[in-house]
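Worksheet for the structure shown next.
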Amino acid sequence: MIPTPDTDIRPDVEARAALEAIIMVTDEPADPRLLAQLVEIAPERVDALCEDLAAEYASEGRGFELVKVAGGWRFQSRAEMSPYVERFVLSGQSARLSSAALETLAIVAYKQPISRAQVASIRGVNVDGVMRTLQQRGYIAELARDPGPGQAVLFGTTSAFLEKLGLNGLDELPALGEFVPSPEVVEALENGLRFDAMEDVDMSAAPADIDVDIDVDIEIILEDSEEFVVDLRTSSISLDALDVLADDE
Amino acid sequence: MIPTPDTDIRPDVEARAALEAIIMVTDEPADPRLLAQLVEIAPERVDALCEDLAAEYASEGRGFELVKVAGGWRFQSRAEMSPYVERFVLSGQSARLSSAALETLAIVAYKQPISRAQVASIRGVNVDGVMRTLQQRGYIAELARDPGPGQAVLFGTTSAFLEKLGLNGLDELPALGEFVPSPEVVEALENGLRFDAMEDVDMSAAPADIDVDIDVDIEIILEDSEEFVVDLRTSSISLDALDVLADDE
Amino acid sequence: SQCYGIRMAVAVQTPVFEGPFDLLLHLILQEQVELYEVSLTTIIDAFLIEIERMDHLDLEVTTEFLLIAATLVELKARRLLPGLDDGDLDDELALWDERDLLLARLLEAKTFKDAATVLARLAASAAHRVARRVGPDERYVDLTPDALEGISAEQLRRAFIRATTPKEIPRIDLYHVAPVRASVLDAMAELIAELPGAGKVTFRDLTAALVEKLEIVVRFLAVLELYKQGQIELDQPARFGDIEICWIGSEQEASAELVDAYEG
């Protein structure tokens, strides 16, 4: 039973048992290359043997499974058994992700490496808090710095993110193309933003005395860098007028 | 096969898989009584099924075994495979401290002096084994005893711990910064009260036949401090009041 | 010109929208309305609320809000007052550009919103499988006498944060496997063992070692029961002050009989 140093002549039976023994004591997914080194077999054989084992456990109806997650092999409880496993208070189960966190994660996952400002621009909101939380939980990490001026920190997803989603790699994420809005949605949005004249508009609803030459200038003044004042200064329309306009609907 | 009690109708196949699933993910040997509760079968059947499983793994030549240690069931690598496991441990790729142990150590480090029960309450699991290991390794030690009648042992980190981390004192631990633990954790730390699962505890678990007409009129209120405060001289107590109390957490 | 402090006006209930795109997508897609029908004040209010909600002002994002608001104002005004174009082609084209840009960004936001729902599904499905994270057992402890080797203080800090971050709320009712099963009977038995000969004890002391609030409540009920049975004397000198407990029953009697009395 003492391991012999010759490479890859180890019989399947022993290699399989050795893999089971090692993976049983790893507390994160075991890299096939490391396993290959330890068991002295080729990395491809590690994967093949683990796949065999996984199939065996499944056919035997075991309560656990062997899966490849975040690039490594690990034991985990089988999904069907979750009612039993969940009865038991587990540590390390992190809170469910908010929709803000999920959207931010989706952007980072598909667009990495990406800066905080770029994420904010896509989401249209400040993402500092969400990004900080995701970083603390270990789902995203600083990957690099933008070589350009400003040297913004660029973020990417981590293996903890892959584990959270039960993925082996980012390539298992559905292609972004699958999420491109359907023609119906595009049409709905286009309609929503239509500004050409509508024939059926009842013009009597519009206040008669509003100057239509609208020209909204926006001026933002930061006073004392604390007080935030917005001046919606317009040549011929004021906020009051807008209210009138809106109220008239 | 042991005689099956009336309530014990879960088929073997499912009970076995459930046991495998739970034991696979626990980091302490799983008490047969707890397993019996989780799987809803008799404790003796837990032992019988686990013994069956253990025999199966042995006959299949698995690299792991199911053994009863310290009164509980756990998976571990089979002794014959230990040369491989040793290689793994020595490879430096294995986490020297399991994440459970590291989290426990971190809680003791940041919140000392702290009782075992408080640590367990924060981690949401039994920490006896982990605490014992940390103590054996000389990273934590008994500091004092809680002056109350329970006289809980209070733990803290040792100078060996500081030395290993290259710190001169506890004040050199990295600041927790803006991080704010969940309110439940804050409460657990401040009051030594356990937080998890409380909201699921049906107050009917407390005997329902409590005599409300006790001679003393009392009032239980939750002050801002969340402290359990009782005034014997005023008002009255009802189980509803207790429910409110439980709900308030 | 008028100045509007952002802090004014915004006491409306915060909507669930995550920013201007979220809001617009909701208005246009979910509500199936056209901008024409949407009250402009609603939009502006929502935008102001969003700005108000920001922890600290991010000039870039705030500007974003305002630019989008301005575009919307223009689009809307055009549609409310059709046929009044003064024929300035440049203005017209600029507005088209603005609109196209806004549309493109809405589509992008929508794309990631949909991607996020898939991530949520994946995460939910992964949550049904729990990873084994156990590590080598005690047989291998001696191989690595220094288990802290390579562990930095920073890793320790992160472990602490991990351990104290809010846990997922279990979806399944835990009551029948509740880790704590406090019974008044057990608590009475404990008190009967502890109190005789202990002199005057405060309730605070009696419960200092307890972790569960439920245990404290149950112990309190046990104290009341013993009081009712005449085994202890209670005193509370100050309102909401410490309750003092003193055993007055006979020590011989301190036995299962009392517990039986409770049951009966």
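The letters A, B and C name the chains in turn, as written, and every chain counts its residues from 1.
The definition used in the following text is that a residue touches a chain if its C-beta (ideal position, glycine included) is under 8 Å from a C-beta of that chain, and two chains touch if they have at least 3 such contacts.
Here the structure is a predicted model, which means the values were calculated and not measured.
Distance from each chain's C-alpha mean to the overall C-alpha mean is smallest for C.
Here the two chains linked by the largest count of contacting C-beta pairs are A-C.
Per-chain CA centroids place chain B at a distance of 22 Å from chain C.
Between the CA-based centres of chain A and chain C the separation comes to 21 Å, rounded to the whole angstrom. Mean C-alpha positions place chain A and chain B at a centre distance of 31 Å.
For chain B, the set of residues touching two or more other chains reads 24-26, 34, 38, 75-77, 82, 85, 88-89, 94-95, 98-100, 103, 123-124, 179, 196-197.
In chain C, the positions touching at least two other chains are 130-137, 140, 161-163, 165-167, 170, 174, 177, 179.
Within the complex formed with chain B, the residues of chain A that make contact are 1-3, 13, 16-22, 24-28, 31, 34, 37-39, 61-64, 75-78, 80-81, 84-85, 87-92, 132, 136. Against chain B, in their complex, chain C makes its touches with residues 130-141, 143-144, 146-157, 159-167, 170, 173-185, 194, 198, 201, 203, 205-214, 216-218, 220-221, 224-225, 227-228, 234, 236, 239-240, 243.
Within the complex formed with chain C, the chain B residues making contact are 24-27, 34, 37-38, 74-77, 82, 85-86, 88-90, 92, 94-107, 109-110, 115, 117-118, 120-124, 133, 136-137, 139, 146-152, 161, 164-167, 172-174, 176, 179, 181-182, 184-185, 192-194, 196-198, 200-202, 205-207, 210-211, 214-216, 218, 220-221, 223, 228-234, 242, 245-246, 249.
Across the complex, chain A is touched by residues 1-7, 18-22, 24-25, 27-29, 32-37, 39-42, 44, 50-51, 54-55, 57-68, 70, 73-84, 86, 95, 99, 102-103, 105-120, 122-123, 125-137, 140, 158, 161-163, 165-172, 174, 177, 179 of chain C.
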